[in-house]
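Shared between the two complexes below is chain A, which pairs with chain B and chain C, respectively.
What follows is the complex of A and B.
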């Protein structure tokens, strides 16, 4: 008889086992939160959802639009930067390096204010939505560059020599050796980064981009229903990020090769 | 040997007691604190100290609620509450709390009262109880100098943008009265001011003191515009619904303060320059209570 608490020797859980224990964990977490709410003496009230449904939906759609736009633009920024960090042209290499260090080493909030009110004003960026997407992409691009650079540098030089030894052209080496490994190593992390973009877009509320978080902040300010609004907000973000994390896991499983 | 042992035991027991207190305190904070705590503190004893009074405020509105160079809470509200604690036997503990969290902190018992330049409004009164007014404030406009805004009516036009701080009384006023203009809600006052100085917004609606100061800091790009015929905003100290014992003590202290010159002392200590400037501009002073007395009696 196998111990129902433990996964198999190879680390897998049987489907029923997984379902049961996941459910138990969820119930425990919900109970803990429920008990905390009861101890604080807060009665949750979600009546605002019906009253403000149009604004909430608008905010949700804007968050989705910002996230999608930033995903594309941050890839456009991040991929060349990752390559540029290994460039033999030193100004390019150092520019890419400085960009990654500056962005990763400073808070997004500071970047938003400085970009919007200094750079944005100086160069006449009037549209808040555009400014927001650009700022978020510049921020996320640095993380994507790091993810890609990490997997590029993890490629074993011996593989490239081996590819040359069997007579692969440069294109064939890319197609059959480099790209498959790069995809398998970066795709799960990139998908995870997309989940971060969705969450980080909430900070654009400080420059009056009325996305989901700002919408909820405004509703909370008029209804004083801090717990209801933010719990609902957290739930909405989870609805967006959980599927993304699920996809990220699936990629991880599908694309894991035995090295 | 014997006495050493005794001392050691006493000390360690005391240490244990302190640790237990600290742990229970942390637990209470983690759990948002039960509502029973505040009543315990108030009824602990009628002696010199009735225990700790947790006072929540957002330390982001000088000179009412702010921090000194060392990061310690200071300002009119802090001094006022410390004076109250001295007179009524409380140890005052200032809890710096973000604006959105102030009213919830009373509802969860994380704080006993809130003094944070908070206007008494009907909506807020549904959530908490307020003391009598201790100050009165009015709104003003920080207008962009080239926007052509010289009155509140100039601002309430199609195509005009009004910056407000989310949830502030300026926000409430703009939402209610400036229906033709676009209302832009921001988290930071400094962001609102920047919007105006850069011309992204035509005006920023906030209290007279903030507007006066920011106009003085940006004399070339902004003008301060007075708003006539507005309802004055009365600031009150908020307590949890039904905490009448504390509310009445605070009311008594406010009433005494109006008589014994407490508010004049606070003015001299923190705002003497502004007091002169307000008098020159014809603005109403924060502690000019003539109206509020009438309202309180009405």
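What follows is the complex of A and C.
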């Protein structure tokens, strides 16, 4: 009889074993929060959901729209920056490098305030939604650049030489060798990055973009139901991010030929 | 195939690696031997159109190796190259590694390319491995797939850069066996190698490269039985010291 607590020697768990233990862990976590709520004497009340369902749905849709827009725009920013970091033209290389370092080294909250109130005001960007998507994309683009740069540098020279040797043109080498391998190496991480964008978009509430978090803040301000709204808010974000993480894991499993 | 090299030189950042190679002869199977750093791999890459020489010219059957990228792409596709580590594409199965260049470079149809790939893999004892990825194959299997990929378009000549030096001894044998059977079928090749037994018994001719110069060249039996230059005598003597 195997120890029911342990995965097998390869690190895998049987399906039933996995289901049971996952359930146990979830129950324990829920109990912990339940106990904490009971100790501070909070009674949860979700009656606001029905009352504000239209606004909540609008906020959720806006969060999705911001995230999707930012994903596309941050790819548009991140891909050239990843290539630019390896450029032989030094100003380009250092510009890309500085961008990545500044963005990754400062909090998103500071970037949102600085961009919106200083850069945005100076250059006449008044639309909060547009500004929000741009700021989030600039932020996320730096992380995407790092993800892509990592995979670019792991493409080994041997395969590129082999591609020339079999008679591929430069365009064919890109199409048949570089792009497929980059996609399979970066897709799991890029999907994970999308989950981060969804969460990070909540910070746009500070410039009054009425996405999901801002909607909930407004609701909690009128109902004084702080715990109920924020718990519900966290649950909604999990509904968005958990499937994305699941997809990311699935990509990871499907694309692991290289190991 | 008639190969002529005239004054071929190559510098890397000003450091001379090839110091003027002159060669003229009909090549069927040629082993290029010599100490490490002697310029063997560099010469093979120049012959294969993967590197441009700093000076000199090379003619294959009277035709000069092109200098422009477009001409070089066509030139490379007429040869088959096998690298030390095989250079297989990690994201493609063994079958696709062979079939993709047939379709993309040589204009073969989907079915024709797959048939050709499967036929070669079966002949090379890899019939069961066609759907596996390079990471799932042994070193010897990978190298045989790489050879299948190189011979699939029926190239004028195979160029092999130390095809067995990254392999365990048992895998070395299976790759060398395969090369010998290809030779017996009339495949021409130039192989940079450290396997002296292979150079002596499976290659018609041997070229000895040392210090960036072509020091000695001739029929392999003669070169091994009666080395004429002191460099080759020294090189072979050092090897004999440890051979059984």
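Note that in this section the second predicted complex is superposed on the first by the 243 of 259 C-alpha atoms of A that agree within 3 Å, B and C clash if a C-alpha of one lies under 4 Å from a C-alpha of the other, contacts with A are read in each partner's own complex, and residues count from 1 in each chain.
In this text, a contact is a pair of C-beta atoms (placed from the backbone, for glycine too) under 8 Å apart; a residue touches a chain by one contact, two chains touch by 3 or more.
No experiment lies behind these values; they were computed from the predicted model shown.
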Contacts of A:95 with chain B and chain C, given as first, second, both or neither: neither
Partner chain in contact with A:159 - chain B first, chain C second, else both or neither: second
First, second, both or neither for A:121, with chain B first and chain C second: first
Contacts of A:236 with chain B and chain C, given as first, second, both or neither: neither
Which of chain B and chain C A:180 touches, first, second, both or neither: second
Chain B versus chain C as contact partner of A:247, first or second or both or neither: neither
On chain A, the residue positions that both chain B and chain C contact, one per complex: none
Residues on chain C engaged by chain A in the complex (per definition of touch): 48, 50, 69, 73-74, 76-79, 81, 83, 85-91, 100-101, 104-106, 133, 135, 149
Chain A residues touching chain B - in the complex, by the definition given at the top: 36, 39-42, 113, 117, 121, 126, 205-208, 210, 214, 217-218, 220-222, 224, 226-227
Of chain A, residues touching chain C in the complex: 158-159, 161-170, 172, 176-177, 180-181, 184, 257-259
Chain B residues touching chain A - in the complex, by the definition given at the top: 31-35, 100-101, 103-104, 107-109, 123-124, 126-127, 163, 166-167, 171, 184-188, 191, 194, 198, 200
